[in-house]
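One chain, subunit A, appears in both complexes that follow, with subunit B as partner in the first and subunit C in the second.
Showing the complex of A and B:
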């Protein structure tokens, strides 16, 4: 066999109920490869409870705790406390929540977990809407995107509000580790998972999870679209260790966001002005990211 | 009361079929009820929907574990889903299939009916060969095989509630009505008392222990990848990017599709650098 660039172990079973081409399913598969079998996953209401746990089946070879929508942060705090009492030192405690369950419904539990310095990994897999219930907008839905609750017709022009900056919210809590991950870049993804695994303290992973039915693109394009998200600067890849930010994928020049937007039906109504607006915002946040990296590098340890 | 359970795949119109049937029954002066199973509503995934029809208002609010009639919109489901689970003795199994009704398998005493709704749908331009919209042709067959609704009421319901191609859908229902083949056509259904106990798995707590690999998702597929190994460079990209872990390696290290689990998303073909993977159309 040729040399593998990511771990060979498979801790996610086939036969799960994700849609064809699901970015969230690939995110779980890659995450567990890096974490290994000594892992407990806490799932709130999200696509993955339906993908992975229709009773009496399970799609993971590791333990799953099903918990309420708003409770992921609290549940991993409880799991860690229990593991500590039982003397289990080598176990990864992981919360795996969608963007709605993180940025909207589970925000206070996440904030509490980060503030208590819970020694656990919180994952937000971000498909940018409530996909499991049929594409309703969430705090993570980007500006202008079509969803069933932000329709496009007449005066209505998709979601009127911009995407919530979850990394900014999490970084304000000074976590031990925070990173953005994209399954289209599996080696970078795996390196960050393994790095998070070996750090003690509250850790946060923001995983980009393209959704073919929700974003309206062909299921074969999940990886290509993921690459475009990073290479246009829409979803930059970086990590923050002890407050120091480092961009982990830099390309010479960012591709035009138009390439990313036009690949998805949820942005089909965009005018050239809309594209220009997004382009300016992406440019500005990318420049801010580069600036922050530069400042962190020059700061003495 | 008549209880009817629909089995289809996401996108075929099983949920709309259950609603149309209820609308038709209402136009016939009956008291109907219809609702889908809240589960895996994925494109291509097995979907279940229910209709109850009675002369009096229906007070039951449960799913239908013991249907009088089971309707199967996709013959591919017969191999993967236990569609006749809980069907009542002397009930009816209606399947969209080119086969004859005698060839269908059903528990003893259950009547069988067959209609080639795919052929009918395509002859009226409903859907595509890969995803024909078969629900109205199947409903026509159901009306004839059970008598639970009249063809007139069904036609009116279709004209009122089908969003696209109402005329073609009405004609498809008519063709389903005239071409359905049953072991004995006629009024079904000596209504049986409801409330038979629902069988449940015994000896298990609320802990799920059955690996999802016991579920085969091959029936979700409309395209199947074929790897041309002579050009394969063993780069493993197909394996790396598969959301279903449906690619394994043979002893020589070449990738191999695990066809029981592949959903046909096409990522492997799109990402293969030397383009050695071809997506071929597969019919269920």
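Showing the complex of A and C:
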């Protein structure tokens, strides 16, 4: 029997307020398992503002600092500056923001934090829309997805624009570490968290966070859908250390994206042509990723 | 103590250094820049053991201060005009988080049209954010008030952020002799921050959180109560500062020759110095006029202003900003304070010195003339015709 590598410590209480099957709740639980109790989390407006439960209760056994929507990058710069000047050792400073709070309204502060080389971990848990406010499209909503602000009716065919490439934007800042993580693959998830924990400098984790009510799938299917996202190549798992990219999960052949798309109500209106379009894009992105990995491997250290 | 020739901006920098600010964060904006340039120099040479986080916006500068304060650090930032307006959301966060941040503001006009001259619209627009607001008349007052602001902001009975405001150019870029206290003197007056309700690594806590109406109202009331305790604590801080340095800035509303005055003019910021000289001239001519300076604008010193009603039948207020759809904001505050006074003097609001326009002795004299005339108007733009040019529309 394989040895379980995921830490047994639980820093998230069971009485949290997440929806059943919430990928964002799994993201926080696994993240804190890897980081441990000496962690301070800066939390902007997002689902976790509410999941964390209202005053005077808290669902997390760490320090939490709430900050406004767009300010997470600046907040972790301030926390790290204070920790350094006050001589606090061995403390993980973490910003934990949703996709809207990262890719849209928080992009400037994130860019500033990366450029300043703040020694902290910035997490984007990506449920691909403004879910806490009721499923409005964000820069991270994929092409064609239904949301309340990208309706499907008549000529309207969901979101007309493609998903913003946050990893690309972050990598352009040359972070010390950046990785994609998926709670459906917890061993890979935990290994990346622990690796990020032990690196000094700006670190970025892009965490896939399926949302049953927002994506319209049954809450018992979160893990199955998460696996499909990676195994179809829609959300490939990789990490970049000092500019070197390595794919951390490779299967023989990618599964058809149709399996991933058809499992969700937000893509129910997709025609075979739509599926073919997504399939071609995913294939191209995957090939580019493999190519980049090969180039990075062949580069001398 | 050392006597130095300092600009109002450098007075801020020296005060932040003397206060041993631990985390400084700022974004450049004219005319605030020389404050943070000097601080960058202090940090670079090791004269000040602080972390200086150079951010990509004023919004982020204030967030850095709030977050650093949440771990217990003493923080400082400085800004002006548009930068302060961009911070607005964060100003509410700072007071709500009970973060004792001290911020220097160089009062500058708000666009459009672009204008970098002295004007109080930027800070007046932040009146309702729960920050303590001081307005300085001289560079000495800037330096001393920053030190007092830290003591007041960090007092366990207060725990509120405070801004120390100075007029663009008249103070920020004008040099004056300033007595700089010795570090030992300041250390005795202002010991290290005693952090209260801050995050501790390894401990379970949430700062901020969310609530329904069940707790929210109570949090707001605590904030209001802390504001209400400011005048008493400020008086104590002033007394201790006087004992430590020998300098006395005479509290929240210093007055000048108000005894037996027929008319008192209320000013805020650098217009006060000009008005003081005019009072001397008019007194020499036998006219009974006096002057009161609003040094602490928030929380508004109602008791001190009500005392003016006992000495004069006519009160004028010179505002360096305008509340559109209403009269000058300081005039409005004075009117509200006088409403419950035992005697209610006639009140005239003057608008003077907008966008860096000079408030000259000639104009101050006209304000007193208007006040002493038989029928003083309720509001009055002082220098529209004389210094200005015709604007279409």
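Following the convention adopted for this analysis, the second predicted complex is superposed on the first by the 297 of 301 C-alpha atoms of A that agree within 3 Å, B and C clash if a C-alpha of one lies under 4 Å from a C-alpha of the other, contacts with A are read in each partner's own complex, and residues count from 1 in each chain.
Just so it is clear, a contact is a pair of C-beta atoms (placed from the backbone, for glycine too) under 8 Å apart; a residue touches a chain by one contact, two chains touch by 3 or more.
Keep in mind it's a predicted model, so treat the numbers as computed, not measured.
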Fit or clash - subunit C, subunit B, common subunit A: fit
Which superposed partner A:83 touches (first subunit B, second subunit C, both, neither): second
Subunit B versus subunit C as contact partner of A:283, first or second or both or neither: neither
First, second, both or neither for A:268, with subunit B first and subunit C second: neither
Partner chain(s) touched by A:250 [first = subunit B, second = subunit C, both, neither]: neither
Where the C-alpha centre of subunit A sits as vertex, the angle toward subunit B and subunit C in the overlay (nearest 10 degrees): 80
First, second, both or neither for A:55, with subunit B first and subunit C second: both
Partner chain in contact with A:71 - subunit B first, subunit C second, else both or neither: second
Partner chain(s) touched by A:294 [first = subunit B, second = subunit C, both, neither]: neither
Touching partner for A:4 - first (subunit B), second (subunit C), both, neither: first
Subunit B versus subunit C - smallest C-alpha distance in the overlay, whole Å: 5
Intersection of the subunit A residues that touch subunit B with those that touch subunit C: 50, 52, 54-56, 58, 61, 64
Touch list for subunit A against partner subunit C, complex: 37-40, 42-43, 49-50, 52, 54-56, 58, 60-68, 70-71, 73-79, 81-86, 88, 90-91, 108-109, 111-112, 115-116
Touching residues on subunit A, where the partner in the complex is subunit B: 1-2, 4-6, 10, 12-23, 25-26, 29, 50, 52-59, 61, 64, 134, 183, 186, 212-213, 218-224
Complex contact set, residues of subunit B against subunit A: 39-45, 201, 204, 206, 208-217, 220-221, 234-236, 240-246, 249, 253, 258, 260-261, 263-267, 269-271, 279
Parts of subunit C lying in touch with subunit A, wherever the complex brings them together: 22-23, 25, 49-51, 53-57, 59-61, 63-73, 89-90, 93, 199-212, 215
